[in-house]
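Both complexes shown next keep chain A, but they swap its partner, so chain B is in the first and chain C is in the second.
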Partner chain A sequence: MDFISILSDAARGMFGPEAAIYALAAVGLNVHFGYTGLLNFGQVAFMLVGAYGVAVSVATWGLPLGVGVLIGIGCAVVLALVLGIPTLRLRGDYLAIATIAAGEILRYFYRSSYAQPLTGGVYGLRQFADGFYNLNPFTGTSYGFGAFTFSARSLWIMVVGWSLTVLCSLLVWLLIHAPWGRVLRAVREDELAARSLGKNVYGFKLQSLVLGGIIGALAGSLLAINVQSVQPDSYNPVVTFYLYAIVILGGASRIWGPVLGSVIFWFVVTFLDSFLRAATSSGLIPSSIIEGSDVGAVRFAFVGLGLMLLMIFKPAGILGNRKELRLDVR
Partner chain B sequence: MSDEHSRPGDHRADDATVPAVPPADGNGAELTEQLDPGQLGEHDEVEEREEALEAAAAMKGSSAAAKSLEGVAAEPGSRKPDPILVADDVSRRFGGLKAVDVSHLEVQRGTITALIGPNGAGKSTFFNLVSGFDKPNTGTWSFKGTDLTGMSAYKIARLGMVRTFQLTKALMRLTTLENVMLGATGQRGEHFLPAIFKPSWSGQEADNEKRADELLERFKLTHMRDEFAGTMSGGQRKLLEMARAMMVRPSLIMLDEPMAGVNPALTQSLLGHIQALRDEGTTIVLVEHDMDVIMSISDWIICFAEGKVIAEGTPADIRSNQAVIDAYLGTSRALPADEKEPSP
Partner chain C sequence: MRARLMALVAACFLMLLVCAPGASAATLPSAVPAADSGTSIKGTLEGPTDKPVPKVRVTVKQKGTSVGSATTNAKGEWQVSVPKPGDYTVTLDVSTLPKNLQLRSKGGETLPDVSVRPGSARTVIFPLIPKSQQQESEEGSSGGATEGSGSGGTDQGSTGAGDTGAPAAGQPPINPQDSSTPFLNRFLQMTVEGIKLGAIIAITAVGLSLVFGTTRLINFAHGELVTIGAVVAYVFSTSPMHLPLVLATAIAIAVGALVGGAMELSLWRPMRKKSAGLIQMFIISIGLSLLLRHLILTFFGSRRNQYSQYTVQETVHLGPIQITPRDLFVTGLSILVLFGVAYMLQRTRIGKATRAVSDNTDLAEASGIDVNKVILTVWVIGGGLAALGGVFYGLTQAVYWDMGFNLLLLMFAGVILGGLGSAYGAMVGSFVVGLVAQLSTLWFPVELQNAWALLALIVVLLLRPQGILGRAERAG
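Let's turn to the complex of A and B:
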């Protein structure tokens, strides 16, 4: 077992493109869940429309990639309105049900043979992101030191991904520290009180849903660009739950919570992956306990275990304020 | 706000025990300033002066309001000379129970109007209906001449009719200051795009903060300014809710049991605040169970029972009203014990 290579795998995982993309999507979810108290269990649906916005625009319609990103954002706005307008006047659970259903409906719709001419159905679409990689300013073969290296391609998407994450976090920071964000947090605490002070609660919830949805769609576009392909089944409900894990791990309603959460989440996941693979192949863990082919599933079982421990010992997340958390127990 | 507690030479540690002097002549600030501590050596003397002033102030403040109600018939649904709130045929059913069934009700502008009645009489439900938090089965009502029927709660609040809740709603994970500042209306920074550009709202925010600090001072919450509202005691939350409602600059404020759970000394100062508000021109509708409080503070009393207005009048009228005594004052203990939970 080579611990250096396991650790450098984990270090690559924590800063890699996936970590940036999940961080970005979690920033959007944090606007919903952390700041407004909206139970959105379908953040993956926003990622899906963002991803297919790019893929369909470029691969099917031959439009420029930038236009595709804008189309993805437009789809996210429409989705947020379609989900929000009927449910946001009702109790919080209705949005939860609607969003989880919307995610699944969209996934089945995009993979249906009916939509195949546009979306490629179950096969999805590929090779639509050349427009993005043509802009890559990095030309070397690899960047980094020792085992901690990235290809020029990965580096480019990391730079874009983390920049977007930081920009969106700053935007959220500005909004949350403005009177706008104060109303949002008031809505989270008590809708009726906010309404009794003349705040249009419904309007604020809708704005929050749209904002977080757009950020989710950006993350989705980036996810599609990263792998140069879209495939409906990679947008399943589990993604949303990973995002929740990330938000809660880092600390909900903390500006940098989703970012820190994603970094740690991907460190743990890649570390476990690498470690378990090395351990099973070297025979340290006998194959009667874990087979090499089980590693993918087992690592997420550990993630679940880790989350349970976190909830017990640090329920407010890493950046969270325990004092603040205790307040809503009453 | 000027208040006695900052006066040098005042040795009482807990200013909550000092009843706030209700301002007379429609201006409290002047009055308290006249009370120069330098001229008053003796502690007792101060207290005496204060008591005298308080009594005089209460007399004068309510005398203006009382005058406006002169000649109003002490009967259910009586017409007022200058009503700010008028309700007609407002009714609300919960299943087979008619919780509210008000055929006509008017609230005179610039008065303290108390709603009394046994538990479950429909007072809170009536509040919910007129403030837009619940929809009536029938009825229309208007505020300052504007028809409010079917209007959403936040629009009603913006028009200047603000209510508090019987079960307080502190915004727990907001600080006390943020709670109060939320009440300010017309905030530019509450619009999405201006919110991003701080210079577009920071001036207004500073003004609002100043006003919020004044309100906190007035409600003796300054020491809690930067604490989460969730750390407050029940009584402090009642005060916070009033301060927050005041921040909206309402012309009519509806207080649902503002004194419940507030200690007696603070109740005195709260009463002072409420009277001061009235003297500044705010109309107050108040639900309260403490008859001493009701009788001492109200200009007009409306008594509910089983959803209906059964009596109206000045405190003197109500004290001797047989229907009220039967429904509430005298035989209230004989009412069935299975009253349902009041709604917030």
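Let's turn to the complex of A and C:
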């Protein structure tokens, strides 16, 4: 058991490309859940349309990558409107199930044989992000020091991912501290009061859904660019659950909550993974209890347990303010 | 008379409760181990007709240096362990391919930048076509590399076929889109299939709906009660126990009821005492669902299993309809159970109390109903019904680790279609969902049947947000 290498794995995981992408998607979810109180359980659907916007534009239609990102964002806006117009008048828990169902419907259609000429069906699409990597200003083999050593490719994705996260967080900060954001929080706190002050609650909810959806689509396109492939089954509802874990861990309705949450989430997940792997292979945990091949499953079981304990004992997360977040339907 | 009958049922139930938990705890860990897949790259090479292609060499390289190579076995499977997560290049040796096959696209034999994440086995697909067909010219657009769905032990079979909800055992005996059979016959056949699916969804969804009605909790972990039921019955009906499936099912129902009751007592009752918010409890149930699902994956493995009894059966012909005796029995028994639940809700004391608590908890409590006892009963009944539904679903499809989660969205669709909180609504809604899913296969591919069922949910939410039997209630 090499404890140093486990810790350095975990340290890399907490700033790696995945952490940045999940942080970005969580910033979008925070707009929905944290600031507006919308129970959007279909954030993964926005990531899906973002990712496929890039993949289909470049791999199937041969358009430039930048246009693909814009198409992805456009799809997210359309999705938010299509999803929001019927469901935002519903009670919170209905919205949750309608959005999770919408995400699954999209996934089924993207992987179906109908869509195969466009999306590649279950095989998905690959090798469409060369345009992004050609812009990579880092040319060396590896960068960093000690445990924080990344390849030029990862570093480029990380720089873009974290910059986008910070930019979007600042944008959300500006909006939330503008009158627009105050109305959003009023909607979350007491919809009736906001309505009686003459605010168009429905419209504000819809705007919030669109804004968070666009941020989610950006994260989705970055995720597709990171692995140079899209595959419908990696956009399943569990991704949304992780995003909720991240938002709640960091603290919902806090600007830096999603970022902090993602860093800690990925530290814990990579740590658990490395640790369990080392512990099973060195015999510290006998193979009669956990086998090496079960590590992935055990790690996700821990994520579930963590989400439960967090919600039971510290529902406001690390940065959150309990008073500001009364988790209740309407 | 009625009281005596109830007492008898209760006594049987208690007996099962006492003998079940020890036995299940002793046998679960010895269940089938998961397929071996640490950090690795793997795949199954199949020809155009899904025939495995053996003796083909696959090489994995990183930055030009070879990491390992493998040759496909008789089932077309290959796996290369890699030392650490990262990006690899996977190459298929074209010279080892059978002469009549080629890759779907030019240059598709090399897949660069296949990134392997810690702990997951990355599945890589090389699509093959017969030599007679034209190769796609576009470079690199063909090879598909899929993430092992992030959970380590998942193989392609379980992610691929599992989601469409229609593996071999669940497929109807006649092809729904085969135009040689008259349309009416196909329609009747799929209606029967729809009723079967709807009945199974209904017995699992009733518990979900009752729990929502009495506590306003949307329980995401309800699907796991379904899986637990199916898995417990599987473990007891195979080696080393070899109990008859009927007995194993009885044990499964008892375990399901016990787990349901234990959840209420250890988790939800204390949370209600802390007056936790509903969204808070909703998210706790998501965590619980993740936890249970992956524990089941750890102990049960990722394989799809069939029960040893009643799996292979001749179909019988009832007029234009073909159905196996097993499916007929499952459908009939499910409908009977639903009538039993309706009778209980309508006529017995506890059923009336349950409806009272669903209508207005405070008023029910004020009129002397022990609300906590009612809620506990609802959890026990819901758990038992979910487990029974799990066995039925396993019988008609297969037993696998995330079967409950696959069914969960259909249950939600049924519950919301019918009207949240109304048990009868959940039954009606579930039949609608089952029928929509199966009848859609008359015109559309089977892989989309769940999508149409969920679409029906959204359409109903648009037109009648309170559901078919729900009460109108304005929100927002």
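We adopt the following convention: the second predicted complex is superposed on the first by the 318 of 330 C-alpha atoms of A that agree within 3 Å, B and C clash if a C-alpha of one lies under 4 Å from a C-alpha of the other, contacts with A are read in each partner's own complex, and residues count from 1 in each chain.
Everything below uses one rule, namely that contacts are C-beta pairs under 8 Å (C-beta built on N, C-alpha and C of every residue); 3 or more make two chains touch, one makes a residue touch a chain.
Because the structure is a prediction, the values reported are computed rather than measured.
J.: In the superposed arrangement, which partner chain does A:L175 touch: chain B (first), chain C (second), both, or neither?
T.: first
J.: Let me test your reading of the model: by the given contact rule, A:L24 touches which partner, first (chain B), second (chain C), both or neither?
T.: neither
J.: Would you sort A:I100 into first (chain B), second (chain C), both or neither based on which partner it touches?
T.: It touches chain C, and chain B stays clear.
J.: May I ask you to decide whether A:E189 touches chain B, chain C, both, or neither, giving the answer as first, second, both or neither?
T.: first
J.: Who contacts more of chain A, chain B or chain C?
T.: It is C that touches the greater number of chain A residues.
J.: Please indicate which partner A:V201 is in contact with in the superposed arrangement: first for chain B, second for chain C, both, or neither.
T.: both
J.: Where does A:L249 make contact in the superposed view: on chain B (first), on chain C (second), on both, or on neither?
T.: It touches nothing on chain B or chain C.
J.: Is there a shared patch on chain A that both chain B and chain C touch, and which residues make it up?
T.: 201, 327-328, 330
J.: Provide the residue numbers of chain C that touch chain A in the complex, in ascending order.
T.: Touching chain A: residues 29, 33-39, 87, 111-113, 115, 118-120, 125, 127, 139-153, 159-160, 163, 216, 218, 271, 276-280, 282-284, 286-295, 297-298, 409, 412-413, 416, 420, 445, 447-448, 450-451, 454-455, 457-458, 461-462, 465, 473, 475-476 of chain C.
J.: Residue numbers of chain A touching chain B in their complex, please.
T.: Interface residues on chain A, with respect to chain B: 171, 174-175, 178-183, 185-186, 188-190, 192-201, 207, 253, 323-324, 327-328, 330.
J.: Touching residues of chain B toward chain A in the complex: what are they?
T.: 131, 133, 152-155, 157-158, 162-165, 169-174, 178, 181-183, 185, 187-192, 195-196, 198, 201, 205, 228, 230-231, 244-245, 247-248
J.: Touching chain C in the complex: which residues of chain A?
T.: Touch list, chain A to chain C: 9, 13, 39, 59, 86-94, 96-98, 100-102, 104-105, 108-109, 111-114, 120, 122-127, 151, 153, 191, 201-202, 227-229, 231, 233-234, 236, 238, 241, 244-245, 248, 270, 273-274, 277, 288, 290-301, 303-312, 315, 326-330.
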